[in-house]
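The following blocks contain the structures, represented as structure tokens.
The same chain A turns up in both complexes below, where it pairs with chain B and then with chain C.
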Partner chain A sequence: MNDTTALPPRSSGGRGSGGAGSARPRYKHLAAWCFTLPGLLFQFFFGWFPIAVAFIVAFQRYYLVHPPQWIGLRNFHDAVADPLTPVAFTNTAYYAALSLGLTFLVPIIISILLMEMPPRIIRVMMVLWFLPVASTAGIVIWKYLYNPKLGLLNGLLDMMHLPRQAWLDDPGLAMLSLVLPGVILFSPGLVYIASLQGIPEELYEAAELEGAGFLQKIRQITLPRLRPVIAMMLIFSVIAAFQVFEQPFIMTGGGPGYATLTVGIRIYDLAFKAYNLGKATALAILLFFLIMALVVIQRRCFRESLDE
Partner chain B sequence: MSPRRRALVASLLCAAGLAACAPENRPPSGSPEPLLSRDLSPQEFQLLTDREKVRYRNVVLRIPDAWGGGMLPLSRGPYPDVLEKAVHTGELEALMAYYNRAQFELEHPRVRVEFINFDMWSLHFRSMLAVALAANRAPAVYIAKDLPHTIEQGMFADITELVKEWDRAHEQPESARRDGTVDGRTYTISHNEFGGSLIRYRKDWFREAGILNEHGEPGPRSDWTWDDFRAICKELTDPAKKRWGFAGQTNDFFYQDAYGIRPYIPDRSGKRTWRFNDQDPRMLESLKAARAMVREDQSIATSVTMGWFESHGEFDAGRAAMISSFSPHIAREFLEQPDKFGKDKPFGETVGMALPPRGPTGHSGFKIVTNPFGFDPTLDKEQLRAAFDWTKSLFYGDIFENYLRAVNQKEKALGKRSFTYQVLLTTPYSYDPKLLDRPLSEVFPGDYLRIYDVIRKSPAPPLPREFGLREPPITEWESAIRALYSEAVLSPSVDLEALLRRTADMFNRTILDFRTEGDREKLERYYDTLGEYYRKNFPRYYREEWPGLYERYYRVAAP
Partner chain C sequence: MPLIPRVGRKNARARLLLLGISAVLWTGVLLHLFPFWWMVVSSVKPTREIFERPFAMWPENASAASYSLLFSTVSAKGMNLSLDVFRYPMWVYLWNSVLIAGGTVLLQVPVTAAVAYAITKLHTPGWSKVLFLFCIGTLMIPGEISTVPRFLLLSHFPWPTPEVPRIPLTDLELPSFSFVGTYLGVILPAGFSAFNLLLFKGFFDTIPDDLIDAARMDGASEARVFRHIILPLAQPILAVTVYFAFTAAWNSFLTPWIILMSEQGKWPLSVVLYKLQVFLTNWQPSQGSMDPAAQKLLQSGVGFNALMALSVVESIPIFVAFLVFREQLMKGVRLSGFR
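Then we have the complex of A and B:
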């Protein structure tokens, strides 16, 4: 069945076919290309091209000044056999779990609770969440706040007559100390609040008339409405958590011992300290597949909400 | 637009983009053109037309950061151009850089010097260099870090023949020559600033505590041992005043160097060349000692975040009596920041330098540090020779002297103490005494000059690389050692023996998992030479400790 007759004509203005009338759609395409091309080129050179190159380099012994040599799966073998690889992946998973627990779940709860507050408080909180986006500078400052002898945090503990903590120096506390700034510095709270504000008030009023309590309203109205946003934020958070680099790089360098050695740090060390770019790239590709697998699993779990 | 045309336009754009990103090719040094194929003297070159001069000068030399001067101002401001601005604002170093460039080009008609922005002293030097080399945009000469690993990776040109012809090669410190030599080939030359990683200490605190050296000055004795170091650290620690005896990274706090513990030894199984030395009980002792200083004595300020800059910050803020530092920096600060600790505390009377402590039988692991420099391996023969000439001139020749004169004149006009004195104190190369308007003995405190005499005479141990033996990559090695000590020192509770075993297993499976061909014979020769070095320089250590250590750990065939 041909139903194209039901569609509006592609060229507007009623000029008829040919001549100036046919030049307009062509111009439209040209304009579209002009606007899209810079972005596409940027994406090509800084996104897809490096990925393609990485898949080549991972199979090579890559020298900086000599032609690379093909060595098959040797880099992957070396990366897997490296005793620091499981340490780095375990630490990264631990960081991701802590990070998702504290900077992903907590903001959802806080956002829902905040919606019960007066609008003025909500606005202030949104501003506070959004202000300290200069995360790298923030991380540098946190390094000093954590100083076990002279840092502000232990000063506060002293004032409260609580035992001092070694923070970044304690292998048991170091990873948690890396995650904590994320709770305050930047979190998805802003997105949740914006989404929550988009839920029609009438739904809650109707639920209250039906006799629903606070928790019931959250379960029946808020969470289902937030699901697509939660699903999307979860994907972003998982990707960011597994790629973590700045926090351990600036604050601990992967220590004490290997307590905060993440995959990102290990890749950097292999590439730019040992100049073993092949092995570093192989490790990066393993991380790439791990993240991709996690995202696919998440997409399957949240398929309904994403397709809504 | 049809899909075919669209694809064509996209392909053309991609090709244009790729072409734009392609690195600039260095012009060939040889050319079929009659003019370019001849070697012209500077006099003949002067007879060429301007266009011919441009064509003839086709050996490009990329010099980082206007070495031998400074870069011209980035913007002209209210002046007609940046050169005028440099003239009117007293940028003598920048003007001198261009003078040096002109002089060098005058003497080398083929060469065109280009100054490029490339910060060799940046924390991110390694990644910058990696990118520059991969993009064929590296400077002609750059600092050679992580030797010999970077030599083995081909990151430096072989300059053996150039060094053979060099009339002042012998003025380089022995340790610099050894650092840059792999299997008999030379890859680096020594910088014109040498010194050592030694201890920077607060003289005023030592004076207060009555700790005097053999000259009656505040400071540790020149033969102080590691036990003395620990005792002094404890004595100078005062938690009430927030003062610690020492501040530094979580390393071994000089124990390994003092006791001469070699962290990797021949693998007698023959599976690999080396194995981690976890069998030597002193290795465990070093972990225990470091942990005891931090946790029991509480005389050391250390942390996972403590690095070079942080420890210097602790020292400058008056919270550490001693730190590990680089000797030329101390001499430079003495000249440039005389009132750093206040008007009533002149730098020379407040800050001292001492060599690290020794072991009980006099062993010292102190080693001269010279920051060797290597050359871009992609340079052709003519470029390499030009780069070598420039570097020699920069280290002790015309460029060196011109630059120092410019700095001297500028700082004299501004009423400052010139850092020229530091350069001349710390250079291993001989120089024209006329560069000094007064002798160094009138400039520096006596103890600074004495330390430099000792540094100058410090022996250089043989290195495995000289015997054709592969060594573990230094950066990975240091990172792993730092991880070992940070866990040993900072963990609230740790089983040090298990930690050592775990670390040994990791080292053996990764960093040390290689074997050099014919290593047994090479190892034998290396340890024989090392024994000879000890016999000559540390006779007591050689008599009392070396034979036992050699039999237990270093002899290649099992006893």
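Then we have the complex of A and C:
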């Protein structure tokens, strides 16, 4: 296009007041695309292209050793008929409900309370509260704490003369045990703190003059102000919770039995243990539509209540 | 301190409320820090104590045996479990993590910054909008859908098919690259970050156009403007994006696990921690056993202490990055439109 002819104007146009004006737009084009191209390539090949490929692979009988064959909706049929699929979806929903219920509110509450402290304490506490740990490390620490024989949690139960628990090995307790570390190990609090600091103090002073109490101020000022951030974080949390893979994969491998078999783990097993890439992708697409539906519903709910 | 007014802080009710809040917060901090403490204490216990005094809050004879695994390998005959994890000294895995995380930061941050800058300042409004949607559209799409296709794509880039297609009418394969089993296979998929693009764009939006135009009038090329005017200004947001890129790459597990599965010498720490954990879950030496293989392992610091020592090693860069970027992180997150 114009790109090849865009180079010369820089010298020919000179620095005259008129020249710069006419030369710049074309020159900007070339530079703009140079700046954009690498990122676009990455985004195309590793962002959009795999998604498009997923919608092809899912309609094929796809094993690594044979050339793929088109089989229409067979993979989806197989995925739905698979007795483990409902188990996986139920477990995933259970995990998402537990993890959102137990872990989503904590950072919000903590952040609001943290703002009440004197500034010096806020700085210290923020470091302590939000101190992160490498994610696999965080998971294996808990695996050790939960260890039935050597883990500290059973040691504490012993000390209190309570019966020992099997934690991750107990089908009834395994899922809760997966979620529990998240209650005290989090970092989204940082985002809330950032937006809390953006609320002008005058608002609170005005409310104070009108006689609003502690909880009333939270309800009338803090929460409405936080609302967009909460809505966004909720969407990200839902997407993340329904895709959960690492915690169950490392801590339980989906067991005991199928107690913590999530859809993420099932997709992994189908793809990299059974090498049935078509069926694995079909399952991933089902999960994809479920999550997208939830996101749409969520956005609608939040938008409607905002319009009021 | 918006909820409890500053003037009223002397009265009894306000004081009680503040005290209660402090108590809750400090309890939370203690709960939050306890696993860290336990990780560090366990890592300096000798293996024997891990088994014999599993709940001791302090090691009787502190030992750095587990940390010495960083520089030594372990082999023992007569084990019915595979000791493959210990085939390399652990520093190899640490170095792999450094390479992967470092490579990701060096690739992702400049690439993303450049796109964000072009979208905000260089493209026409029409293109700008289209490109922006193209760049951030994937953010809302659950990533698990592309796990399998991405693996296929990386096996012989850029063809996501089991075999490389041939040039029509000939028997020649089209050009392709296999990234499976290479560091690049882990780094390239993270070459662009939609999330960091949002952060950058939020910042570049605040830079006045006049500043850029003035530099252009002086004859600076777009690349010069970007390097010498925009990037120095963007320091706070650079810090944040570097932090996010680094921690995401350092923590990544599934991608290196799938891509580097067959190349143990290239595993990062995250994968090794998982493998070590699997080994330890299966290995429960009976107490007082005189099995020479088990004895040898006990002496070389293999046990949950080794797992914790490795966790400490894996976490240190994350701690340091957090402490270093703390202030910038707060500023940056605020700048980026999380208002």
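Methods note: the second predicted complex is superposed on the first by the 271 of 308 C-alpha atoms of A that agree within 3 Å, B and C clash if a C-alpha of one lies under 4 Å from a C-alpha of the other, contacts with A are read in each partner's own complex, and residues count from 1 in each chain.
Keep in mind that, in the parts below, a contact is a pair of C-beta atoms (placed from the backbone, for glycine too) under 8 Å apart; a residue touches a chain by one contact, two chains touch by 3 or more.
Just so we're clear, the structure is a prediction, and the values are computed from it rather than from any experiment.
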Report clash or fit for the pair chain B and chain C bound to chain A in the combined superposed model.
clash
Is A:L100 contacted by the first partner chain B, the second partner chain C, both or neither?
neither
Based on the superposed arrangement, let me know which partner A:T252 touches: chain B (first), chain C (second), both, or neither?
first
Using the touch definition from the top, say if A:D169 reaches chain B (first), chain C (second), both or neither.
first
What is the contact status of A:K273 with respect to chain B (first) and chain C (second): first, second, both, or neither?
first
Is chain A touched at more residues by chain B or by chain C?
C
Chain B versus chain C as contact partner of A:F45, first or second or both or neither
both
Would you sort A:P83 into first (chain B), second (chain C), both or neither based on which partner it touches?
first
Determine, under the contact definition given at the top, whether A:L294 touches first (chain B), second (chain C), both, or neither.
neither
Kindly classify A:N147 by the partners it touches after superposition: chain B alone (first), chain C alone (second), both, or neither?
both
Quick one: from 81-89, 153-161 or 333-341, give me the piece of chain B that collides with chain C in the overlay.
333-341
Doubly contacted chain A residues - partners chain C and chain B
45, 63-66, 143, 147, 149-150, 271-272, 277
Inside the complex, what are the residues of chain A that reach chain B?
26, 29-30, 37, 41, 44-45, 63-66, 81-84, 143, 146-150, 166, 168-172, 174, 251-259, 261, 269, 271-275, 277
Residue ranges of chain C touching chain A (in the complex, touch as defined):
1-5, 17-18, 21-22, 24-25, 28-29, 31-33, 35-36, 38-39, 42, 50-51, 54-55, 111-112, 114-115, 117-119, 122-123, 127, 131, 134-135, 137-138, 140-153, 157-158, 160-163, 188-192, 194, 197, 216-217, 219, 221-223, 226, 247, 250-251, 253-254, 258, 269-270, 273-274, 276-277, 281, 284, 304, 307-308, 310-312, 314-315, 317-319, 322-323, 326, 329-330, 333-334, 338-339
Hey, which residues of chain A end up touching chain C in the complex?
10, 15, 20, 24, 27-28, 31-36, 38-40, 42-43, 45-51, 53-54, 57, 62-68, 110, 112-118, 125-138, 140-145, 147, 149-152, 155-156, 158-159, 181, 184-185, 190-191, 193-195, 197-199, 201, 203-205, 208, 214, 217-218, 221-222, 228-229, 232, 235, 239, 242-243, 245-246, 250, 263-264, 267-268, 271-272, 277, 280-281, 284-285, 287-288, 291-292, 295
Applying the document's contact rule, which stretches of chain B touch chain A when the two form their complex?
1, 13-14, 17, 21, 126-127, 130, 133-134, 146, 149-150, 153-155, 242, 250, 301, 303-305, 377-378, 473, 475-476, 479, 482-484, 486-487, 489-492, 499, 505-506, 509-510
